[in-house]
Each structure stands twice: as structure tokens, then as C-alpha cells.
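Shared between the two complexes below is chain A, which has chain B as its partner in the first and chain C in the second.
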Partner chain A sequence: MSTAISTNKADKVNPAVKSTAYRAKRRFIIISLVPILLLFGVFAFLPIAWSLGLSAFKYDPLSSNAIFVGAENYIRMFQDSIFLKSLWVTFKFVFIAVLINIVITLLIASAIQRVRIPWLKNGFRTIFFLPTIAPLAGTAIVWNTMFNYNDGLFNMILAKMNMAPIQWLSDPHYALYSVIMMTLWADIGYNIVLFIAGLDSIPDMYYEAATLEGAGRWHVFLHITLPLLRRTLLFVSITTVVSYFQAFPQFQIMTKGGPFNETRVLSLQIYEQAFSSSNMGYASAMATVFLMIILLVTLLQLRWGRTQWEH
Partner chain B sequence: MHFSKFMLIIAMVCVVFAEAGCSSSSSSGGDTSADPQGKVNLVFWSHQEDAIVGAYKKLISKYQTLHPDITIEYQTFPYDVYSQKLKASFSAKKPPDIAEFFGTWVPEYSKNGLLVEIPDSENVKKEYYDAPLGGYLRDNKLYGLPLEYNIENGGMLIHPQMLKDQGFDHAPSNWTELVDYAKKLTVRENNVIKVKGFDFVSADNITFTFLSLILQQGASFMGEDEHVNFHSPEAEKAMSTLVSLVADDKVADLTTFGGELDTSDYFFQGKSAMTYRGPWTIAAGQNNYEVDDFEYVSVPSFTENPPVFAAESGWGLAVSQKSKQQEAALDFIQFISEKDNLSTWNTDTFTVPAKKEIAENPEFLKNNPHLKPSLDILALGQWIGPIADRDFFFKQVNDNFQLMASGQQSVQDGLANIEQTINDNQDQHK
Partner chain C sequence: MDIVSGSAGFFPSKPSLDGYRTVFSEAPFVTWLLNSLMTSVIITVVTLFTSALAGYVFAKHQFRGKKLLFILILATMMIPFQVIMIPTYLITAELGLVNHLLAIILPNLVSSYGVFLAKQFIEEIPQELLEAARMDGSGEFRLMLRIVMPLILPMLSALGIFTFMNSWNNYLWPLIVLNDESKMTVPLALVYFNGTHQVNYNVVMSAAVLITIPVIIMFLIFQKQFIKGLAMTGMK
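Right after this comes the complex of A and B.
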């Protein structure tokens, strides 16, 4: 009833007043957006455009000349075994880490969500979220010491169990998995919190109905929790995939791409080409390809994960 | 209309803030000149290493006492970021007046006209050994003065007691003896090496040893057009020998390669009997580990030829072309390079002199007796050559060496890989 009255009032407003109000609203929106758009323009879109242009040049920052090479940087890229390896390592890292991340975080979030004592629930949430507060670079340094062959925590544990020590970061069979382990430890807190929020938002009535129908826990999880969590899952998977594609500090600090380029992710390869080898043009071409890959993967995820479901 | 003006003002304010943020002046970089009182301010950058920083400070203080009209603002950066910091400052056209360079970095700067030529180059270069000078020379002109002779070859750390325990009363005098000693000195427990007999598996030493073994056979590793040549029989023999020390003789392994500690750290912890390393590691043993039950001795030649070796140009100083006080900056690096000052610097930093008159001075040897094996062979050093990307070069050798030593790749394939990737990289920098 009240809605109907207010609508009627609005209908009676003078068109000139309505137009002024509309302009004021638009002005407010634009004023709010201009600074951030300028910031994006200067620090995000301009560098991307600059990088796109630079990818057609052979450019050493110490030299005053940039030589136009057209598509040569792109052609070279696909004949460069280190680039191809880094592409493979990046996809391998993203696939394994994202998959484990989502499975683990969903399981932990489901477990925490079932805790009915508020302080205990908050306690668990805090404990799992704590590692994400630490800067990734610092975490990587600490984990480096734990992976140490001689005095590291993990080899001390293996020694206690009468097992041979492992070269966690310099054995090509283990290096990538060691970095994945550290990344998961440092990162799962975000997704746990997001999943808990998603789980909390599912109305209890669905579960009550399922219980009345005699559905088992696994059945409930598969047919109620997962479908109703799809929006959260989509958000979590996209942000995690994008952030893992861009993973850099842990690789730079812990392995520097070694051994045998087994941990050379694309972001590290781009950084080294640009700033260590001074091949800015080539690095820009790689960055362009990287941007396209992330864009494509994100669009595919959005397409596959879209849902009309509301609750 | 009012609205548009308002938006324009907002946009301008944002642009001004952004511009101000991007272009704020910094005390680092070469924004130096004479102040109104005629006092000259110079900015000087170096990497961080306690002994080196201490030695510079001592000489800066001495220089400022002699030149009260000159102030030197000394800034240091961790080694890991120093190279990139330098590149960024030079490419942003805000370099320091004086910068410490590692010799292998210099050609990239000198070919782009970013460094000042040292006056009287022709005569000055005669005062130095060829190997440390290589990186600083371009078209026979000198673009910096080396302070040290970067030598990773020719000397090794040994534990005399470990040798005595195996019945060896002197250091190995030829390559066969070296391998024989190494085998007997290696201690294993359940097939795990507890004490390495001869450790050469470090990021620098694999490459330097490999190149030196080629040179000692009378061959060269540099081909035409600034390309490397690793498909010679000498290169194959050199690499096979190194691979064999790990794969067959098992006197060293790959377990500590790429870790946080240096091979010399393991040596001073008693985890290797003989370790091939530069004399700068002696200071670490004496200062960090406080051990003195070791000796620094010569590594015998691989052949009957003298133990010739490849060396990079070590740390040195150069003046930026952008400096507004080039004359004063040149005067400072010439002051540091004077015999007495440089001798003090070399002694304080435990580095091998690049200047002949210091290395040949008996007084210097008397003050630095551990350096004798290195000082004896300085004239046998050859500059490593025009390597465009030093880190890339060494990484290719190291990566492939590990694959070869662990049996995942043949020596021939490994050498072909190294050669191709390095030559491709060299071409990219032309």
C-alpha cells in the first residue's frame, strides 16, 4: 500500500524538477567515478596500451632507440622453448592449485559452517584467515627455511619418521608441488571466508525439507548445497584462477624458476625478460599473450558458470 | 556549463596529483650540482656487502678530508636489486654521478653512451691485468676502473687434517691426483654423501671450471659473431670430466645446489674436504665461522698446459654521462684507484687486485698470505668475453649440467642445448 502511494506521488512530480534531480544524480555518479577512472586510465589502461605498442618493438630501456620488428616478438615466442615451458608450468600450477584450493576450502568451510557454537566458529574462521594477512613475500621466506634440505622443518619430520630427506625446492619432481603447498597455506583463508558466507546465505528451509524427505548428507551436499552455492563458486573460481595465473612472489623468492625451469611461471619469465634481460619488447609481447589467455579463461568460466538461480 | 567546468577542475586536480606523484624529485639519482656556496655534491651508489661498504666509507672520508669542497652522498642497495636499480635509474635518465658496476654489466651501458670515458685510457689500461679490464673496454676506450680481479678459479679451500687422515701430506699437484684425493676424501653413509671430496657444484664454479678446462686444452669457447662454441672435442671432454665427478666418481652431488648456503659455507661446516672457490670466501671462514684449520691452495691444471682460466671483470667504478659534475666524479674514482687507496680497499674487502703494481707488491702478499695461489696465476686469466646476459649464460650451463649429471641428458645434447640457447640470447642483444 505504501509503495503505491509513493509511486503516485512520484508520478505527480513536475518534469522539470524530475530532470534536475536526474542531472544531480548523474553529476554525483560522474564526480564519484572520475578520480578512480583517471587512476585506472593512468595506471592500468595506459600501461596496457603502452605494452601492446611496445610488443612490436625491440627495445632495451638503456638504449634511446627502439627498433620496429612487427610481429617478430610474437613469432619468436612460439619458437622459444623456455616460453613454452613457462606456459605449460603456469597452466599446470593454476589447474592443480585452483582445484585443490576449491576442494579444500569448500570442505573446510562446510565443516566450519556446521559448528554451532559462535565463538568456536569465529575462532576457526580467524585461524584459517590469519595466514592471508601475512605478506606473501614474507611467507615465502619463512617457508623457504622450512623447505631447507639440511635443517628445514619438513626434512626434520621426515627424519623422525626414518624417511630420506627431500630436496623440496631443488628437485624437479617436488619443486612445483612445494610452491603449491605454500601457496595454498597462504591463500585458502580468503576462499574459506567466502564459502562460509555463501553457505550461510542458503536458507535452512531447503535442508529442513531434504531432511524430512530422508536425504543423506552427501545427497544434500550434491543436490542442494552445490547448486545453491554456484554463484559463490563462480566468483571464487574466477578470482582464484586470475590470482594464481598472476602468482609471482613465491616463485621469485623460493625457486627463481628453477630447477630446470620446472617452476618458471609466465609472470616470472615476463619479469626476467623485461628487467633482467632488458628485452622489454619481447616481455611486452609475452604480457599481451598472457593478458589474452587470462581474459579467455575468465570469459569461459563466466559462460560455463552463469546461472539464473536466485534464492 | 558550470558542471563541465567543475568536472574539468576535478580532472585537472587528479592529473596534477598523478603527475606530482610520478615526477617527485628524489635524492637518489644524479640531480646533483654545485650549491650556491660552490660546494660539489656527488651521489655514489654501490651494492651492500659489509666489508665493501666499510672500505668505501673509509676512502670517502679520506677523500672528503682532502677535498672539503666536495660532499659524497653514499647510498647502498642489496645485491639482489642493485643491478635493476641501476638499470632503472639510467633508463629514467636519473643515474647517480658515480656507480659501482660489476664489469660484465658495463658493455650494455657503454655501448649506449651512458658512461664517461676515462681520460688517458691508453696508458691507464696498461696498469691493469687484461681479464678484469675486459668488460670496461669498448673500442679500446676505457669506461670505468676495475677495483678487483674477479677470480673464481685457480684456488680451492682444503682441510689439511682431512687430507692427513687419508695419508696425503700435500695438496694435489695434478688433475689425476686431484680426482684420486677426492674419491678417498669422500665420506658416505647409506649412499648419501656426508663429506664431499671435491665440491665444485656452485652457481659460478660449474661454468668457470667448464670454461677453464676448455682453455687449458688450448681451445677456445668463443666462436664467431659473439657466439659460443661448445661443439668442440675440448668442450665435450671438459664437460664429461665435470659430469663424471658427480655421476661416476661421486665426489660431489647436487643436493646443496641452488640452496641458500654457498659451497664455502658447507666447507667451513666440515661438509667437504676440498672446495673449488674464489679467495673471497676466506674472509667468510675467518669472520663468520671463526675457523682457521683450513688452507687456500692452487688447483692443478687439467692438462700439462699452465692453468689458464676465464674470468669476468669484477667490481669497479664508472661515472655517468648524465652527471653534472663529471670532473669531480672522475677525480674521485681516480683517487680510489691510486695505489695506496686501492691496496687498502683490496685488503679490507679480501679481493684480488686488478692493478698489477698492487698484486705484484710483496708487501700486499705479506699482508694477505692466503691470496698467494690466486696472485700467482693472475697473468693467466682471460676475459670471459662479450656476454650479453651474464645470468642467463650461467643459468643455461648450470641447468644443463644438472640434467647431464643426473643422467637425464647426454653430454652432447646438453652442450648443444647450452650453445643454442646462449647464442639465441646473444643475438637478441645485438
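Right after this comes the complex of A and C.
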């Protein structure tokens, strides 16, 4: 409304002043947006279209001639047992890791939120948050040494407890769970902070009312905390799912997809097909499937979240 | 860092700085640190500027196709990097930037998240304030630098911390585009040490500590903005 008043005033004062101001604004918009849009165009819009296009070609950057193959890459993909396995492993990883992540971060956040001494509360939050700021590649390497069969920290602890050592990263039964363990250690800080913020925004009066009515702790959590935390919960679950689908450094550094492809997630498979085997067309087709999965999962989560709110 | 001290308790050997000495003497570690520092600082500074600029234009100016452009920019937030990495590599190669630090910098100078956040925050700035400055003869760029940016400083500092950290820790893109040893950034350096010193833990650990320290210092200085920013933006 204020805009309307001020431009009206300018109109009455001097139309010439207004038009030069208008032209200056126009110039400002063009000068500032053109370089920014150019960057978005070259490094975001163009690659998306290119990737979709590339998935219909057999393309090896070394021989540099692209052969149009239509849907062949997609057909090949669904007969490729390694690709299918990588899909399965990706879903398994995301499902297990996200589920455990949300349960433990919610527990830790509620525990930290109960702490009433500010410096202690901050201290706890910092301790859980510190691992998240370390480079994931570094964390993966450090955990690699801890997972070592002969002199790694974990097997030393098992030995102290008189238990048999475990091939953490090379036993097909344990490899994926070892990576999940490391991922959770490296990543839970974010969600803890987000949950604490969400919990802090719930007004105390709800809890006071519930206590007056004699509700138990579990009852309060189920019927007050969880419903009021739904927004945070939806946000946290979407961002975590999307980021875990893209998890890469820990797999590339710790297991390289092995043993027996038990940790070959889709993002690793796309990377290796594109840059180790130079099958860029085939890798692009996988990337398209990857994109579809992420869009679908996000939409489903949003829809699920919305129907939950309506009740 | 926690792990290093934790496992040190487990091996009661005499402490030494040999690991650190090896890190600096056997590899161009200082160059790698400088590469990381330079790319991260440039990316952060420019991203803050472009985000504030685009946010200002989208929040306070009118032009045709504005809504569509904004939606397109937002849509790129949903695209996983694995989907665009192959064409982005081909474009970078076409530009002759493979093995060049510009390949790290150039694709990261704009952030759709940054534009989105800046727009949200700039919309809150009262129009009267901007009009008053325009009456005083301020140009749009000056307005942006002198009035808009200071007013959204809390948001910019949060965005800055996350941009710096993501760029410092970025592993996948440098792995694709940098092969030359002298051009590597620190996350790659770590993997390099792991490959050459697999038996010698303390060298790898020393390198891990060295590349984590800068972000830990950053975190300790900006802890408050960091936590607030995370709660505000939910950035990961």
C-alpha cells in the first residue's frame, strides 16, 4: 500500500524524474540478474536437460561419439543385476538409517531439552553437533581405521570383552550396518538441533495442563509432543531422506561398494559407471531413475504430512 | 578429534608430532590448505552477494516472468547433485577447466537456497525505508549494499557459515574434476594420505585433525549463529 502512495506522489511531482528512476531500476534488474541467471542456466538448468538427453545415448567421453540408442539404456538397466541390487541396497540403507536417526535424535533432543542449566544444555548440543562439521571424507577414513580387523578400535573393545573379532567392512552381513553406524555418528547433530528448536517452540502451558490432569510421561509425549512436533518431524524426515539417498563419501571411501555389492548404493554406482567405466549415457539413465525416486519420495512424504495435519 | 584422543588412550605409546611432520614434508599439504581456503572464501563471499542481490530483485522489484524464474530457481533445490554431475563435468571440460580451481568455484557461485532465504528476509523490510533512501538519491546497488544487506545480516551470516563449510567439506565434485596433485583440496588430500600411508595411522589422523581444525574454529567462533541458522534454515 505504501508503494502505491509513494509512486503516486512521484507521478504528481515530476513524470520525467519518475521515468528516469524507472529506467534506472530496469537497468539494475538486468545488470544484476543476467550474470546470476547465466550461472544458474549453465550449471543447473542446462545440466538437467542434458542429463535427460544423454540418457538416450551410448556415450563414452574418450571416444567422443554419441550413438543414439533410445530407451535401450533404460531396458538394460532393468536387466542389470548390479543396478537392481544397488537400488535394493539404497532403499535398505535409507530406510534403516533414517528410521534409527529420527528415533535416536528425537530421544537425545528431548533429553537435552529437559536440561535446565543453560551452559550444560549448550555443552551437550555442541558435543553432538561437532561431528557434523568435520568433513565426511575425514570421518570415513578415521572410522575405517577403527573398523580395521587386526588393530582397529572396535575389535580391540570386543577382544577386551572376550568376544570374537568382526570383519566390520568386509563381512557381507555387517558391512552396510557398519557404514550406517558411521553415518549416524557423523550426522545426528543436525537433527538434534532441529528437534531441540522444535521442542523449544512448544508452549509450556500444554505440558502444565497435562501434568495437572495427571497424564503420564509417555502419554504426554504421544499426545502433546508428537502432534505439536509434526512440522519439524516432516521437515527433518524429508531433508534426512533426501540427503541419505545422496550419501556418497562414506561408501566410496570405506567399502567401494563391496563386499559382494552389499554396500553399492545408487549414487556410487552412477559415479563409477560415469567416471570409472566411462558409460556416461548409461549412468545418466540411472541418474534419471534416481531423480524420479527422490521426487516421488519427497512428494509422498509431503502428501503424508499434509493429511496428518488435517486431522 | 574425539576419536584421536580416544584411541590414543588405547595405545599407551609415547606421543609425538611425527604424523604432522610427515603430512607437511611428504606432500604439498600447505598448497592443499590454501586451495581449499581460497575456493571456500571466494565461493562464500560471492554466494552471499549473488543471493542478496537476486533476493532483493525478486522481493522488491517487478518484471515480466518473475514468478516463473523464481520457481525455476527453487526447483533446482530439489535436484540431487548426482543427477547433474555428468553434464556439469562435460560443460567444465568444454570450458577447459578440468584440473583448474575455477572448476570448483564457478558452479558454486549461486545458491538457490540462498536466493530463496534472502527473498524471504528482504520481503520483511518495509518499503518506506527503501523509498526514503531512493528519495535521497541512492542508486539501487547502493541501496542493496548499504541498507538491505545490513538488515539481513543474521541470515547472511548463517548462510555464509553453511556455504563455507559445505565448500570446505565437499568431496564428490573435487573428486571428479581435480586429478592433479597440486590442485587438490583437503578432503581429497586425506584420501591421498590414506592411500599412501595405510599402515601408518598417525599420518592419516594428523591430516584428519588438520583439515577439521579450520571448521571447528569457525564453528566455535560462530556457534550461536550456526545453531540459530540451522534452526532458521534447516540447511544440511
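The rule we apply is simple: the second predicted complex is superposed on the first by the 266 of 311 C-alpha atoms of A that agree within 3 Å, B and C clash if a C-alpha of one lies under 4 Å from a C-alpha of the other, contacts with A are read in each partner's own complex, and residues count from 1 in each chain.
What we mean here is this: a residue touches a chain if its C-beta (ideal position, glycine included) is under 8 Å from a C-beta of that chain, and two chains touch if they have at least 3 such contacts.
Small disclaimer: the values here were computed from a predicted structure and weren't measured.
In the superposition on chain A, the chain among chain B and chain C reaching more residues of chain A is C.
Of the two partner chains placed by superposition, only chain B is touched by A:34; chain C is not.
Of the two partner chains, neither chain B nor chain C is touched by A:123.
Residue contacts after overlaying the shared chain place A:156 against chain C, while chain B stays out of touching range.
In the superposition on chain A, A:137 makes contact with chain C only, not with chain B. With both structures placed on the common chain, the touch criterion links A:278 to chain B but leaves chain C unconnected. In the superposition on chain A, the residues of chain A contacted by chain B and by chain C overlap at 35, 39, 42, 61, 144, 275. Taken in their complex, chain A has these residues touching chain B: 23, 27, 30-31, 34-35, 38-39, 42, 58, 60-64, 81-82, 144, 148-150, 164, 167, 169-170, 258-261, 275-279, 282. The touching residues of chain C, when paired with chain A in their complex, are 1-4, 6-7, 10, 50, 53-54, 56-57, 61, 63, 69, 72-73, 76, 78-91, 93, 106-107, 109-110, 112, 115, 126-128, 131, 134, 139-141, 165, 168-169, 171-172, 175-176, 186-188, 190-191, 194, 201, 204-205, 207-208, 211-212, 215-216, 218-219, 223, 227, 230-231, 234, 236. Against chain C, in their complex, chain A makes its touches with residues 2-3, 6, 21, 24-26, 28-29, 32-33, 35-37, 39-40, 42-48, 50-51, 54, 61, 125-126, 129-131, 133-138, 141-146, 153, 156, 190, 193-194, 196-197, 235, 239, 242-243, 245-246, 248-249, 252-253, 266-267, 270-271, 274-275, 280, 283-284, 287-288, 290-291, 294-295, 298. Against chain A, the residues of chain B that register as touching in their complex are 3, 6-7, 10-11, 14-15, 18, 83-84, 87-88, 90-91, 108-109, 112, 114, 192, 254-260, 389, 391-392, 399, 402-403, 421, 425, 428-429.
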